[in-house]
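Order of writing sets the labels: A, B, C, D and E. Residues in every chain begin at 1.
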Amino acid sequence: MKQKVLLSVNNLKKYYDIPQGLFKEKIIVKAVDDISFTITKGETFALVGESGCGKSTTGRTILKLTEPTGGRIIFDGNDIAALPYKKMRTLRNRMQMVFQDPYASLNPKKTVREILTEPLRVHKKFDHDTRLKKVKSMLEIVGLSEYHLDRYPHEFSGGQRQRIGIARAVILQPDFIIADEPVSALDVSVQSQVINLMLELQKEFELTYLFISHDLSVIQHMTDRVAVMYLGKIVEIAKTEDLFTNPKHPYTKALLSAVPITHPKEKKERIILKGDVPSPANPPSGCTFHPRCPAALDICKTQAPKTSEHGNSHSVSCHLYNKIEEEIPHAISHS
Amino acid sequence: MKKNMFMLLAFSLVLLLSACTSGTAGDSSESSVDGNDPTSPKKDSLVVAYEADAATLMANIDVNYVTDAQIRNIYDPLIDRDGKTGDFVPVLAESWENVDEHTWKIQLKEGIKFHNGADFNAEAAKYSIDFILDEANQSFYRSRWVDVKEVKVISPTEIEIITSKPFPSLIQRIAEDLLVIEPGYVEEVGLDEAAKKPVGTGAYKFVEWSRDNYLKLEAFDEYWKGKPAIKSLEFRYIPEFSARLSAFLSGEVDLFKNIPVDSVDSITNDDHSKVAEVASARINYLALNNFYEGPLQDEKVRQAINYAVDVDELLNGVLNGHGTKMTGPLSQINNDYTETAEYGYDVEKAKALLKEAGHEPESLTLTLDTPNGRYPMDTQIAQAIASQLQRIGITVNVQTNEWGNHLEKIRNREMKDMFILGWGPAFDAQSTVENLFTKVAPYSGFYDEELEKEIYRVNQLFDEQERFDGFSDLQHKLVEKAAWVPLWQQSDLYAVRKDLKFTPRVDEKIQAYEMSWE
Amino acid sequence: MSEKILEINDLRVQFKNGKEKVQPIRGVSFHINKGETLGIVGESGCGKSVTSLAIMGLLPDKTSEIASGNILFNNQDLSKLTDKQFRKLRGNDISMIFQEPMTSLNPVFTIGEQLKEPLRRHKNMSKSQARKEIISMLQQVGLPRAEQLIDEYPHQLSGGMRQRVMISLALLCKPQLMIADEPTTALDVTIQAQILDLLKKLKAESDMSLMLITHDLGVVAEMCNRVVVMYAGEVVEEAEVNDLFDSPKHPYTKGLMQSLPSNNDRKSKLFSIKGQVPRPSEITGGCAFANRCPHVLERCVKETPPSFTHQNHLSKCWLQDTSYKEVNHDETKGTAIR
Amino acid sequence: MLDFIIKRLLQVILVVFLALTAVFFLIRLSGDPTALFLPPDAPREQIEEYRELLGFNRPLQDQYADFMVNAVQGDFGESLRSQEDALQLVIDRLPATFQLAIAALILSLVIAIPLGVLSAYKRNSFFDRIGVGLTVLGQAVPNFWLGLILIFFFAAQLKLLPTGGGGTLVHLILPTITLATYSIARFTRFTRSSMLDILRKDYIRTAKASGVPTFPLVARFALKNSLIPIITLIALDLGTLLGGAVITEVVFAWPGIGRLLMQSLMNRDFPIVLAAVFIIALIYAIINFIADILYAYVNPQIRVK
Amino acid sequence: MSANLEKAFHNEPAAKIKSKKESSIYRFFANLFRSWTGTLGFIIILGLLFISIFGPWITPYDPLYADFSKKLLPPMTDGHLLGTDQLGRDILSRIIVGARVSVIIGVLTVVIAGIFGTVVGIISGYFRGWVDVVLMRIVDVQLSFPFILLVLVINAIIGAGLRNIIISLAIGGWVIFARMIRSEVLALREKEFITACVATGVSRFEILFRHILPNLFTPLIILASLQIGTFIIAEASVSFLGFGVQPPEPAWGNMLNEGKDYIFSSWWLITFPGIAIIIAALGVNLFGDWLRDTLDPELKGE
């Protein structure tokens, strides 16, 4: 069965200029540097990486919350980068977003009723009464109830707020939702509630998710495919199970190995990376991961690696795989 | 409540703290202020407070009385006025005569020296007049002297002044405007420097001038009239009256002019102080403006207002009697003064006249403009006049103007019905009558075609008697036509150290040479 | 049985906010043995941080107080200490590292100036000696270029490096007890791994006790000997780490473990505890977890459960009451929920 | 750093230029000063003649162009009244103004910083309440009124202090207190709240946790942090103290720049007004400029960048 | 499950949901009365408003009526509680009527300056671009000049009087609003809930009016209440120097101006109007401080 491609991102770039005064050249921060991937209808695609790797910027650029510097974003046949503001606005009823901080993303001066009616009003859907009905049923769906309608965001707990945030995103019944770290600000016991909600909603409304997170266990649980980002670039894309069982890029391996164990008796071989993530304003030459890479080769310092395919839609950008398979050093294989 | 207490406590704490620090400092202040100590045996210094600094120390430039009063201690005039009568008295001039309508001859005194040792002579006198006439010097007196064509030096002690028009008031101009400067010094150091370190023939030599702070002078021992009794003279500039008064009461200042009438008591009550008072040649009046198209263009209305304003009440009630009531446009000190009829306070007549003119008093709404703080109690007087007119039913809106705007409004004929203005010091009729009752005069508030012709005629007269008669007639007519409500001669009130021999002058000058300590 | 370095008995802390009084700590008791790592787990608002601040004597003076209970450090009651006595202890015998390495260092002083402070206070060291000591400590926590770093300002360092600086600050006076309050929460996974590794290494090198406060059961599994689980200002469970992971007794602990995605099948509905953590003001009588508990009994709402201890495994739940044993047969047998 | 300085200097020039332009046109619209300087009996032709002489009859844009061309060369023309160089007259007043402003600044800092620090440290104590009460009161008292009251008490009733005029240190006391009151209130308030803020910071908790005693904690650690924002406030207030001391200068007969400006405004002595505006704007800009540099210098977070 | 349990499950006490308005007013006062200073400020403001509205009807005497026979009476004589002035006018009556001038000036100036500054601040902060650059340079220019001096210069130029002093104070005061609003808008623009609006597809103007404006209300109210005090004092200062409200209109500043010459003879002329100014400014500031503390704890400091 051929899946329909909903979103395709080709060579997306997002650079920021940092002016350095009159006489010095400005610094260019490559927050997102030439990334490509596609998302098919109905799947959950994950972007994973550490802070500052560009995963959130990617999400925002896709929604045109910031203008891309280069590349194309095709959503269901529409080239988003080239779309004028007004057209983009109408397209937004098919693309929605859920934010990390459920408190910051809700206007503190608006009641739940206002927050949830707004998307319907903006996109001129339904009349007044139907809207209210919709809002009420949406509240039920996300596990709140009618008597929350005239409350303000500060009267809710973090989990409840995130439910409201999700309700706002889903109320338009969009095709596609970008969820930017939707559960990382939540407590463990609430986190699972929200994940469940998202999974249920996906089933019910046939949603496609772009799920941005740094939490590997959540990603493992709920996504279909994963792209691993490091310093603005995608270093590996694979089906979720594939990635967790057979990571290829040294960074992915390190990332997976760094996840704490789930039981004290579990033994885990750990790859401890040296140093910190470099600043995107001043990335290392060649493969940007090479200063921290336990398997770095000489070529890594000078040349950026090409992307290679490894079957089952598993691709990776690493010099180790640019050569023939047999030469993969075994030293860094996952235990 | 608790918090309030805290605040109170804290505030008193601050006061206490500052009191402590100031206590120690106070001692040094007493020693630092000259002659503060009343027990000091030989006091020979004098500190005079003024509300403002001199604009410049160069003579013959700035017409402001504050500048003039100060620099007259440094420079001498050719002719001065008598401090009591206002009559002309020779100073550096010996005598003067009118040769013909266009020519005046002035004899000068001999043997008088400037502070720098240079001799005073006819060249100096000529230079001083030429100085005014020279456009480059931007003297504000030049407007009054434009009719002077030429000054001729006849001999070292004699000059001749040729005018382009008959100039009957030339002697007055000489007395009021002209101070003698040293040509050699000005040429040598230049105008800018001479303006900062003046040289004259006056009783006091320049010592130091700190702008907006003080001007220090010392006695010129070779002064031609003799050594001044007061050795050092300081003018100190204190813009706020209250600060001036407190400086005076604390002994920092010995003399200052213009006490508000309500503060007279606080000085007379002070053991070391007294008040000196003189009726000045400066007058205050209520102009009934007939340039403005309103009810006041009607003579009857103007007369009615004259009846309705009770000048005595104003004088006694507001000014505590400090002022000399006037009935006509000239003060009693004025040389051309004639006694004119008094309207008196008569409400009934006022109402009748208004009715005659076709006005119900209650239907009248008039505007009264006043400056604020320019003349003694000016805004208060205006408010009092308003309430007096209110008594016969006229509504008066008092409008207070900043001084510059007040003048501008008069000049631009933007004044409405009435305004308060002062004039002086004026010792002759022409300067008052010509400048306040003709159509073109900038500060005029009244104009009558017939009267204006008469004014121009009398101005040209040279014969003293004819001239006097002409102005007498004009004064009567102006009163008849009710051009103003004449108010009073201002009373100049001086706060004076008790042991200072000081006689106030009618022309507002402060001549330290005339003073001494007892 | 090893020696107890810290013992907390029925600690209650009260916060005053205007006229409202709340008790974020409602009778907490536990202890730390010499040389062991005790994990304190709980979600936000459970009182774990307040407990640590109470131990350090860092509760805000005016708005909070220890209402009852005591904190014994080497048998000395910390809650009765004067400010001055406490100061001698802090940074010297007990030290602490905090969650936010970004804000926990003073931005206007160099690293050296800040690290110097405890050495000068407690050890009376000379300047050059202190400097040497600091440099060696910085090297010990794995910081490169220690000689330069000592004269740099905090903002010049990355988050991971700052946390290392914080750790070296805490270790400088060789304390007997170190409290680490969520030391890795603000860090990325790879950096977290570095820091946990470092802490383990340091622990192994000395006989220091470590109290590790975290919300992450994975961190606990990796680091701790014993675990205290807190909920709504109370200790609900306390056990050896293996014991706890093998057979959690309190429904809250169980729920916590079961709701981890890694303990559920991929894409399946996660186990979850319904409802929200109650605010301190919402807690009335009875078991604080009663409104979220899947096994709730009539009794739970009315009566506050006492602590039931079974072979050093403590649990504050009516289910542990012997009369209810049968109901929970499988749990008591010690089957792990996996 | 260099381009920061150049950028700021350009900004200063722009600000001063625009300020002068605005005041130039405003003041020209306010009317013609000529008649004020002439004797009242000067006839209209004479007034006209003087206007011509002083250049007031020329088209406004020409006057402006001339003014700017000259001003760039530091020539603001001569005072209309005294015919002295206007800029020089203004510059002559600077020392007096600086004296008063700096005395007031020192007094406020000496009082406000300890008061603010103690208030914050002893938050909600009796002492703190006094401090807070004082600051609220200090900001509500108009300083001209305070000046009058001080004169009334210390000069008139107690005869302890001179009322005004420049010169000795003694003359400085009352005007300094008057001028400083508002700044004391502001600084105290600011120090207090800034200290409170700092004392809540994580790094203070860190210092406490490492055993730093309270006094050094407040005096060394926290104060240095809270002083950094105070620098900006000081710059702002010094500017106000310098330029905004008009009222105090008038009440106490202090021969400063504010009083000169007041008089010149009343006299319509335009060259002095413009020169004073120039100097005040320049000083203000320079002080803020210095403050920015100082701020960058004291604050390591900016310095190193 | 018992009723107890039921309750414990939905910790939603039905009684808690009252009408929105009632509870917010109740909260306001409950909060206010908890603070001594706030309450005091509130009472002073109420008093000020009361006498400025009903002033002309509650004065014991006609504030403009001059009776020279009764001039300069000390307080508590002849039925004049605070004495009379140099024209024999009742000082208490003049202070009461003068309150109106202060309130009018304080409120009108804040409204004008606030509206203008807000508009500029929004344009600058929300639309950015060259308009922002130009507007902020203008703000810089104005800030390079001390406020009180600026007001004086403007008043000297445009003339004195009640209307002009409001104009000059507003011209002098708008920049503070513009700056504050601009920085608020800039901060709000970056807030996630605004991004969320964009993501939902809300138009720019709707974002401005429905989301940014309501969030500006709180800081605006706080700043306005604190600025009123500043404006009241500024008006008094300018009137004191003779550039402000002109007599006979009774205003506290010009009462002081008229009374300052009597400081040695009749202390009450300057004492009482001065105290009136202090009380008014104090009240407004206390209330403003309280507002700031309650509404926006983060604004503390400046």
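Assume a residue touches a chain if its C-beta (ideal position, glycine included) is under 8 Å from a C-beta of that chain, and two chains touch if they have at least 3 such contacts.
By chain, with names taken from UniProt: B = Solute-binding protein family 5 domain-containing protein; C = ABC transporter ATP-binding protein; D, E = ABC transporter permease.
Just so it is clear, the model here is predicted, and its values are computed rather than measured.
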| item | value |
| --- | --- |
| Where chain C and chain E (ABC transporter permease) overlap in contact partners, by chain label | A, D |
| Interface ranked first by C-beta contact pairs | B-D |
| Identity of the chain that, by mean CA position, is farthest from chain A | B |
| Inter-chain centre distance, chain B versus chain E (ABC transporter permease) - centres from mean C-alpha coordinates, in Å | 44 |
| Centre-of-Cα separation between chain D (ABC transporter permease) and chain A, whole angstrom | 54 |
| Whole-Å gap between the CA centroids of chain B and chain C | 88 |
| Per-residue overlap in chain A, given as positions that touch at least 2 other chains | none |
| Numbers and ranges of chain B residues touching at least 2 other chains | 2-3, 240, 242, 245-246, 249, 402, 405 |
| Residues of chain B defined as touching chain E (ABC transporter permease) within the complex | 2-4, 240-242, 245-246, 249, 260, 262-263, 265-266, 313, 316-318, 372-373, 377, 379-380, 383-384, 386-387, 398-402, 405 |
| Complex interface listing, chain D (ABC transporter permease) residues touching chain E (ABC transporter permease) | 11, 14-16, 18-19, 22-23, 26-27, 29-30, 136-137, 139-145, 148-149, 151-152, 156, 190, 193-194, 196-197, 229, 239-240, 242-244, 246-247, 250, 258, 261-262, 265-266, 273, 277, 280-281, 284-285, 288 |
| For the chain A and chain C complex, residues of the former touching the latter | 50-51, 157, 159-160, 187-193, 195-196, 199-200, 214, 216-218, 220-222, 240-241, 254-255, 257-266, 270, 272-273, 276-277 |
| Residues of chain C that touch chain A when the two form their complex | 43-44, 158-161, 188-194, 196-197, 215-219, 221-222, 224, 241-242, 245, 255-256, 259-264, 266-267, 269-274, 276-277, 292, 336 |
| Contact footprint of chain C on chain D (ABC transporter permease) as seen in their complex | 123-124, 201-214, 221, 224-225, 228, 298-301, 304 |
